[in-house]
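Each in structure tokens, the structures are laid out below.
Consider the two complexes below, in which subunit A is the common component and subunit B and subunit C are the respective partners.
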Partner chain A sequence: MDALLLSFRLAACVSAILLLIGLPLAYWLAYWNWRGKFLLEAIVAMPLVLPPTVLGFYVLVALGPHGPIGKITEALFHRGWAFTFTGLVFASVLYSFPFTVQPLIASFEGIDRRLLDASAVLGAGHFRTFANVILPLSVPGIVTAVVLSFAHTLGEFGVVLMVGGNLPGITRTVSIDIYDHVQSMEYAAANRMALLLLLVSFTVLSLVYGVNRKFGRRMWASWATR
Partner chain B sequence: MNLALRCVAALLALFVSLPSAAAQDVKIAAAADLKFAMDDLVAQFEKQSETKLDVSYGSSGNFLTQIQNGAPFDIFFSADSNYPKKLEAAGLTEPGTLYEYAIGRIVIWTPPGSGLDPAAAGWKTLLDERVKKIAIANPDHAPYGRAAVAALKNARIYAQIKSKLVYGENISQAAQFVQSGNAQAGIIALSLALSPAMKNGNLWQIPQSAYPPLLQAAVLLKSSKNKDAARKFLDFVKSPAGQETLERYGFTHPIQASDVLSVPGNSAALHR
Partner chain C sequence: MGIVGHEITSVTLSVRVRKARTGREHSNFVLDVALEVPPGITIIFGPSGAGKSTLLDCIAGLIRPDAGKISLASELLLDVAANLHVPPQKRQIAYVFQHLALFPHMSVERNVAYGLQTLPPPQRATRVNLLLQAFHVEKFAARKPDQLSGGERQRVALARSLAASPRALLLDEPLTALDAGLKKSIMDDLRRWNAEQNIPILYVTHSRDEVDALGERVIALDRGVIVGSGAPQDVLEAPRRSALAQAAGFENLLTGQVTEIREADGVMRVRLQDSSLEIETPLGYAAPGSAVRVAIRAGDILLAIERPHGLSARNVFAGKIVALEPRGAMFVAQVSAAPPGGVVFTVHLTPGAKRALELELNRDVWLVLKTHSCHLLDQ
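What follows is the complex of A and B.
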């Protein structure tokens, strides 16, 4: 049960941080064009193709005392981030990055350009257009981005295994807990935990998609009748 | 179109034919701590034999589950002799092939340049305030982790350092935690401490009397389609050349049941 709660806490932190980073980045990627943009797009999509072990290995080395991040954390806090909850959040933010940014980009790009032009003609600046036109029209996309990154972090295994150190209550997430049970041949306990995760995940996902569908439609309807 | 179709057909034929070419190879499932010793054994054996060997390294517990579910291995080299015994009890092995090939040893290891010298300080290394994290294998399922905890309890410092412990999924991962500097000390397999990536660190061999012997065993699987070649490799591992190789990589040679008349439950013979 501890492990499940820990996973939820991790997923909540990660999707909140990713939303904060993802919104401006996706806005930039969706509406600005410049020569090297394809490179940044490739970097954003990287965690989709990289095996979690590769990402986990790099993160572990980076967090170590000789790594770039390890040097910073040692200087600031006199400790490394490996085997800590903060370290897991950091690794998971990298790992779930495309799951937030890509739905946001798709959603921003789907907005009718004429609305943005109209907003500009009426004297709204970039920020006002973003807050009053783009964000409200992107609610379904934002919900999708948050849910996907949340769900992806909840099911994360390889990266946590690589940098977590399996500490109960700190880095032993539900996927690691299930793996441990299987390793110890406690199949019944593994099954209980896995089934619980399955049910919880399904419930959360279907709730959010259900609400999103209704909410999304209402958004469009209210805009059309305005 | 015709040409494209032919190309696709040729490619398909290639992919289909590839696995059958490898079907004659002897497939070995080996515990992660054997990595360097086994690579050496395989290289020696392939030099004197026509047979090709494919080795998969991983956690013994994983292999046990996979083999119980029909994984197509010929030989299983386990880090824990109980796993092959489980397979034997389930009738999944060739009778009489279970062989205890080595006893694993554990060491306290610290990275080079850490200023910690376990060879001089022994157990006190782990109490040093510079040591904030100690990496061991997960004692719930990894034999090396169980040995580490038993040794720590034997030295009466387990309660003191428990909060410093971090757990690797297997002994290789525990070694990786300390080798990367994220943990400042680790209790790892001697065989890994002697490996190229770690041999420049500092180590102290924990006395064998501090923990139950890590008896490791291999077994030929009943489902093997290549039993003759697999037997030849097992014989090579048992040979003086094979045993000498294992010892070079930090494994002690156990006294075999065939060497002395062992009494069940009497492990004194193993504490040489």
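What follows is the complex of A and C.
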């Protein structure tokens, strides 16, 4: 059970952080055109094609005592992030990046540009337009972004193994736990855990999609008029 | 944004802009205009693609012109040479878009209040009520835009745009979809409102009926340039000056002599430019033997590769392609009507038509012209 709770804690942290970073970044990518934009787009999409072990490996190196991030964390906190929960969150944020940013970009780009023009000619600056028009009209996209990054983090394995290792209660997530059980031929325990993860994931996803579909419009409408 | 009371001001909107638009939609389109908009309604009339919305977007600050200056009263809003570009949210110019762009997630009340963020809430509510009443939509304050009829939405859009006492108002074909009665009642409300405010209002339309109904000063815009301005009847009657006709898209300006008048059919025959070629035109105020000028749009002339049968068009004659060149997304052909050495017509073709008919230089073709595509110009 520790592993399951840890996985959920990790997924919740990651999707919350990703939403905070993803909103401004997606806004920037959706509405601003500049020459080097394609490079950033490629970087954002990279975790989609990279094997998790490649990503995990570089993150591990970066977090290590001689890596760029490791040096900073050593200086600030006198310890590295490798094989810690914080390190795991850091790696998972990178790994799930496209799953937050892409739906947000799609959602922002789907908004009628004339609504943004209307907001501007009515005196609203970029921030007010973002808060009052773009955000409320993007609620379904935001829900999708959060669910996808949550689910993706919940199911990750390679990155966690590389960066977190297998420390019970600290970095031992469900997927590692299941792998561990299978390695030790404890199929019953593996099955218990796997089934639990399957059911919980299915329930969470169908709840969110069901709610989003049935009350989506009303949900964002009432939220926006509050 | 300052919300002023009801002081009567007299501001003029002065616009001089140049904006080239590129891309598939508008190939080689250049908007190049200079106009003064005094307080009251001024109509910008022109066909779709004339650059009307581009002009309004420039004035509102939503797109940056390549060159020019825009000022309102004595304040400069844009001066490309001086790199001055006041952003749209600071211009205090209201803009009602063609599709209105009401915020779908907000009630009517919140839509109208959107431009009033700087007012304290009690004053904001008073102001919103005043606007809702002035445009007769107070009943719908709590509704969402998708729960309103077309006319009600137009009224809400007007109320929203005028809430913060803008210094000018831009209307992009806002009433086109409405019936005449509704249109008149909304315009009456707008006139009543503006009797107090007295701001310059630019009303863009492509509909002649609307111009006639509004009966205000008209500026005619075609292909990015102003081709006439003044009272509607002066601007909109069949083009009177050949310079205007050329600019208004009549590539073929021909002189001729009336040979026959058929009053009963409402047509007459005109022999063109000392040739033996005769065409049928609508009846004009001209006696047999008198000289007339005929204007024909290059896009109104059809080409056929065989003699066409069973057509309603009255003017069908043989010719030969003497020049053919691409221009932007289309082709421009010069077709010499038989006998050779006579009248040469300019004809616009789409690449698809050129391909389908395998049109090329020196190809023999048939020219087809509807009687009513031949416009008579006054001398």
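One rule holds in what follows: the second predicted complex is superposed on the first by the 217 of 226 C-alpha atoms of A that agree within 3 Å, B and C clash if a C-alpha of one lies under 4 Å from a C-alpha of the other, contacts with A are read in each partner's own complex, and residues count from 1 in each chain.
Just so we're on the same page, a residue touches a chain if its C-beta (ideal position, glycine included) is under 8 Å from a C-beta of that chain, and two chains touch if they have at least 3 such contacts.
The shown structure was predicted, so the numbers you read here are calculated from the model rather than taken from an experiment.
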Contacts of A:65 with subunit B and subunit C, given as first, second, both or neither: first
Touched partner set for A:180, first subunit B, second subunit C, both or neither: first
First, second, both or neither for A:112, with subunit B first and subunit C second: second
Which of subunit B and subunit C A:124 touches, first, second, both or neither: second
Touched partner set for A:133, first subunit B, second subunit C, both or neither: second
Subunit B versus subunit C as contact partner of A:165, first or second or both or neither: first
Parts of subunit B lying in touch with subunit A, wherever the complex brings them together: 59, 61-62, 64-65, 132-133, 135, 138, 140-142, 166-169, 173, 176-177, 180-183
Complex contacts: residues of subunit A adjacent to subunit B: 60-61, 63-66, 70, 79-80, 82-83, 161-163, 165-167, 179-180, 182-185
Interface residues, subunit A side, partner subunit C - complex: 112, 114-115, 117-125, 128, 132-133, 136-137, 220-221, 224-225
Footprint of subunit A on subunit C - complex, ascending: 1, 60-62, 87-95, 97, 99, 101-107, 110, 114-115, 117-118, 144, 160-161, 164
